[in-house]
Amino acid sequence: MTASSDVGFHAQRQARWHYGEFAFWLVVLACGFLFPTRYLIMTDILRLALFAMSLDLILGYAGIVSLGHAAFFGVGAYAAGLLALHGIINEPVLALIVAGLAAMVLGFATSFLVIRGVDLTRLMVTLGIALLLEALAERFSNITGGTDGLQGIEMQPIFGEIPFDMFGKAGFFYSLAVLFVLFLFARRIVHSPFGLSLRAIKNNPLRAAAIGIPVNRRLIAIYTLAAFYAGIAGALFTQTTAIASLDVFAFERSADLMLVLVIGGTGYLYGGLVGAVVFRMLQELFSTITPQYWQFWIGLVLVVIVLVGRQRLHRWVLYVPNLVIKQVAGRKSVVAVPESDA
Amino acid sequence: MTIALETQNLEKTFGGLRVTRDLSLKIEQGARHALIGPNGAGKTTVINQLTGVLKPNSGRILLEGQDIADLPVHKRVLRGLSRTFQINQLYPDLTPLETIGLAVSERLGHGGDWWRRMGTRSDVNGEIAELLTRFHLLDVMNEQTVTLPYGKQRLLEIAVAIAAKPRVLLLDEPAAGVPESERHDILAVVGSLPRDVTVLLIEHDMDLVFSFADRISVLVSGALLTEGPPEQVARDPQVKAVYLGEEAVNV
Amino acid sequence: MTAILTNLFDGVAYGMLLFVLACGLAVTLGLMNFVNLAHGAFAMAGGYVCMVLVNRMGWPFFAALPLAFVSSAAIGIALERTLYRHLYTRSHLDQVLFTIGLTFMSVAAVDYIQGSSRVFINLPAVLQGQFDVFGVGIGRYRLMIIVICGLLTIGLQMVLTKTRFGSRLRAAVDDPRAASGLGINVPQVFAFTFAFGCGLAGLGGALSAEILGLDPYFPLKFMIYFLIVVTVGGSSSITGPFLASLLLGIGDVAGKYYVPKMGPFVIYTMMIVILIWRPNGLFGRTAAR
Amino acid sequence: EDSVKVGLILPMTGGQASTGKQIENAIKLYMQQKGDTVAGKKIEIILKDDAAIPDKTKTAAQELIVNDKVNFIAGFGVTPAALAAAPLATQAKIPEVVMAAGTSIITERSPYIVRTSFTLAQSSTIIADWAVKNGIKKVATLTSDYAPGNDALNFFKQNFTAGGGEVVEEVKTPLANPDFAPFLQRMKDAKPDAIFVFVPAGQGGNFMKQYAERGLDKAGIKVIGPGDVTDDDLLNNMGDAVLGTVTAHLYSAAHPSAMNKDFVAAYKKAFGNRPGFMAVSGYDGINLIYEALKKTGGDTNGDKLIEAMKGQKWESPRGPISIDPETRDIVQNIYIRKVEKVDGELYNVEFATFEAVKDLGKTKK
Amino acid sequence: MSDLLAIDALRAGYGEAVVLPKMSLSLAEGQVLALLGRNGTGKTTLINSIVGVTRRFSGTVALAGIDVTSLRPDQRARAGIGWVPQERNIFRSLTVEENMTAVAQPGPWTVEKVYEMFPRLKERRSNFGNQLSGGEQQMLAIGRALTLNPKVLLLDEPTEGLAPIIVEELLKAIGTITRAGGICSIIVEQNAQKILGLADRVVILERGTIVHDAPSAALKADPSVLERHLGVAGAAH
């Protein structure tokens, strides 16, 4: 092999699909058939996963922390709700995209406020934007329904064919399809030179600029894209629950998101997906056992996760899958272990 | 001779401190120019202004005759002005392959590609391979940068700057932390650049400076003290008094 | 005119309320660079200790206040020695995860022990009501908060800038390894500072209970306010958060008084504008961390 | 099957947790007192926490209906939560018993909704009428800026201005509001005869404390409003400044009936504090479920149960109440009370009664 | 002879990695030791192990006859070790002056005396650590170690990035300080020529082991040793 083709081979190393990834998506799909009574919670997890993936794009790749990602989720949610409520766009998929674009516009507009400053500043500015939007939504209750939220949303069938059912089956597969498509898209992007340049900016913005990377423009681009993703997640939320109320903007939503991503690990796209599963399952488990004090146990788990160390936990959790894959494929660790975070 | 890089009446203050004083420097195309001066004379600050990391209070910066003082950092790089840092500025989590790959991609204008995967352009790959080989980094190209030995990191620092195919290269103490035995390797690499590439070197190792430079500027307290060919600077009593001391210099 | 002065007083008092709550965080986050989102939990602990002492055991309020400080500081030091100290070197995200976890635990624990209803601390008569100065109503309790905050700020700022302890602390934060190799007992400095920050939180909790009330959700409800004060103020001094509190307090009160419809917008807008103008906060040190 | 499942969805965590707690406690108490079987069926309560967030409510309700196959859904701490579950109740044809949320529209959203709590229209209109009659001419209003607050404000204004009163100042406070100082100062400067106040359960204490601190009581400005400000749950903690506050409400722990005395005593014994109006709503809610089952003889068909609930009448700790057969909303007495000290403790002492008040929010239409 | 610093069979490294397998070295009062070696041979590790910030597997370190092996780094520092780290590690949010006062201990070296030695620092006394030029940081690191008034001065590549004239003065000063009494110094250097004149003794490391330990006069006489171990022509210049 010549040095050049060698370089090409290694440069594409990460972009190639691993067996573990195929397995992951097959398992997810299988869940849709194995647990027909749990569509709701599974849909909830998918939405959260998509939302977390959106945050991962800016946090895990570009190193932009945000405590106000719910702003875009909320705009997407209300946009989808309003579109359906007033019958402006009845076809869910089209409405989904339009709602995503609405969030994207906001993302672009606010990106200029966010690219400046240190982590703490970014956290607070993003948080402030989300809180302001929440307050605005409350104030303009003639449009948003105020604290009561949008009432009476009725979703039309997807592509005019598949209606949303009460058990959430259509909603689940719809969400899964959206998540998968957007995942593929994100995966493509992060393995492009553009995606790599984001990691470079996260690592060292000074050097990034000094090799000719237009740092601000790249950050604006990814922030805008992430807003689009979050908007889609929000729109999915409204479409699958037929609810849009003020708490789509809530601080808790953004904060939970951060927890999800930190649990799952940042910067490898699957972190949000894994984190969403773990976080929601724990919540579900604990709140079934003790509806009053489940927060205590969630808290304890978070504390333990940090003290034991995420790396170590991942190694334990992925021990068996890796062992199996090693047997089958004869390769070293195949399921990715995330790199450290910002 | 054409002038590659020029400053006109450059001024920079930090608070009350004038770090660059009315500095007018001319660097000819293809020159091997050194900038020396006592600690805190403002050498790094000059480089930072040239590359756009710092904004001068006033004055002009001309790259091949065009004023670049208002351009952001990355645009200057694309115009052919590249640098190394006194303290390594690398991407700890990225590999040398990725680091250099990025620099090459940006230069060729593929940096913004968001759809085409990394490593699928053969022209880029070829260039990366060439640079990795030249800087003895081929064997570690898939290691994370943080885990590399310091010497390799220093090489990478310079390789990245050169990957931008600069027409003017600014080197801020490139030999810092590199053992004596390897210092000359680094300068050898720099020396092997095409003759039309202009190099500005900052360095406190006088052996290196005098074996490398064909012209030397001496900066003291932000102002130009003197400028000339190495022999003349080495003999200058003022330079001896403020900077060189009694050290014997081989010219 | 008196309306303006009354509002000014209220604004200052509200600002000081924010400050008293946040100054402990200004110490742990601002000076130690540790993202302690469980700050509110320590404040709540102080508040409940004070409440139990005063309401249930009949202690005088002024005797219970120092105990609020001491008990929170004691909890702080116990946790620091056992858990927190492992986290100084970890990423901010880990710190967030850990301290949010602790906060959740504290919320549920207090809910379990004290119930979820809101409680208040019984005040002595001297602190109740207002008195008039040229027609301006001065709330006694609010006046006391202002005085305490003023003293705290001066004291803290003196300790941090004029004493060696301040610079040793900052040295330990900047580079713990080098600091230790140069003779600074880093764990001790951290433990002491952390405990002090927690103590301040406890004091803040006890002092603010009168106006905000105490319930198990205290740490989550007011977390945003603590953070706003510290970020807007900047993290390199105590005067920064102090002035930020004043500014935010006066702005918020004036906004609510003169344009009640603007309600919650004022404080958030002020925060965003200030942070865009000065990304490191009003008194942030540029390019530090 | 011989068990009946009740899915109870309440805010057990978050800012509304005390509502959820009271209702859960009351239901526990009821079942202790009355046993857990009715009409030969064992009653099984499945509690879920929704933290007062509507999408969680909806998911919880859906799971309860689809997986646990519950026969009732009940609870609902806030209006959006009750509304979120409404379409599910309709689709699944099971009764939704609302035990806390208080906006008028709720019962109109599904034919399967019944309510045992109250509506804000009930108490707000009554207190307006009372104010007019008692020589209060100028009122400033301070209400929380959300649906129940706006309901309270609008119904109050409507009756108060109709009766010739004047609203001199109107302030809406943000829902999450740490300090009332500037708003209260505005009230003070407006010099009204009284302030009409509605703040969500929990904030009443903050409000009353600061009201006294600012000397509004000494300036002769009274507090009137629906009874949420002086909720029994918190009342005792508010200090003497609340003495004399007049409110209209559905329940007081001091309600002088034998049944109530027993209820208060039992509740105190079991949980260590006084029951508030939320507890009573929960107590009555579970009672309604029991009675409906008795009437259907244990049949759990949703339509039959709703039919059985319509028109139910019974004696509650708060006094006589019934379910309006047309609106499925509660019909109850509204009492005018004044805060007084009884045996060293603060109580809302009832001194006037408006009997069998329906939800005016609907009757007006 | 009273050894001020005595290292005995020290085994140290980072994590699981052993960098110094078995290091023994002692230094008497008034001695200046030059520590040479190629990149990554463990010079810094040796210095850091004396300071106490590496992982020790076994062996002892004694200071003025007192075993300091079990002491924490800060206790060792107060017992008399002055450290100039290779990376300088200036406290960036402290001013120049605070950088010194934060760690200073009583003794002949005061902040004022450091200013005399490096007038440049005095000019920049209220600059923050992160606003200094590379060379100024190096001066400050040295000044800071001096204000500790140490018995053992450990200088890890102190001349790096300093102007030639300062290097000359600095080396002279170190010689004077050390010989003035009660002190010994270890200087790590890349450029052997620079310090042969100053050092009494030269130690060359290779893969964590001492491969050459002799008075510097011997090296001056026989440059081939340098050639062999360091790959540089000794007295070529």
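Every chain is named by a letter (A, B, C, D and E) in the order it is written, and numbering of its residues begins at 1.
Methods note: contacts are C-beta pairs under 8 Å (C-beta built on N, C-alpha and C of every residue); 3 or more make two chains touch, one makes a residue touch a chain.
Because the structure is a prediction, the values reported are computed rather than measured.
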Between chain B and chain D, the fewest touch steps amount to 2
Going from chain B to chain C via touching chains takes a minimum number of steps equal to 2
Note, CA centroid farthest from chain A's centroid sits on chain E
Per mean C-alpha coordinates, the chain lying farthest from chain B is D
In whole angstrom, the CA-centroid distance of chain A from chain E equals 51
Distance between the CA centroids of chain A and chain C (whole Å) is 33
Per the C-alpha means, the centres of chain C and chain D lie apart by a whole-Å value of 35
Rounded to the nearest Å, the gap separating the Cα centres of chain A and chain D is 39
The positions of chain E in contact with two or more other chains are none
Flagged in chain B as touching 2+ other chains are none
Touching two or more other chains in chain D are residues 13, 17, 21, 145, 174
Chain pairs that touch, by label, are A-B, A-C, A-D, B-E, C-D, C-E
In the complex, chain C touches chain A at residues 83, 86-87, 90-94, 96-98, 100-109, 111-112, 224, 227-228, 230-232, 235, 261, 263-265, 268-269, 271-272, 275-276, 279-281, 289
Chain D residues touching chain C in their complex are 13-15, 17-18, 21, 145, 171-174, 176-179, 181-183, 185-186, 189, 202-203, 205-206, 209-210, 212-215, 218, 233-234, 237-239, 272-273
Interface with chain A, chain D side, in the complex: residues 10, 12-13, 17, 21, 47-49, 53-55, 58-59, 62-63, 66-67, 79-80, 83-84, 87-88, 91-92, 103, 109, 145-147, 150, 174-175
Residue set of chain A touching chain C in the complex reads 65, 113, 116-121, 123-125, 127-129, 131-132, 135, 139, 251, 255, 258-259, 262-263, 266, 292-296, 298-303, 305-307, 310, 340-342
Touching chain D in the complex, chain C uses residues 3, 6-7, 10, 13-14, 17, 107-108, 111, 115-120, 122, 128-130, 137, 139, 141-142, 210-213, 215-217, 221-222, 225, 252-254, 256-257, 260-261, 263-264
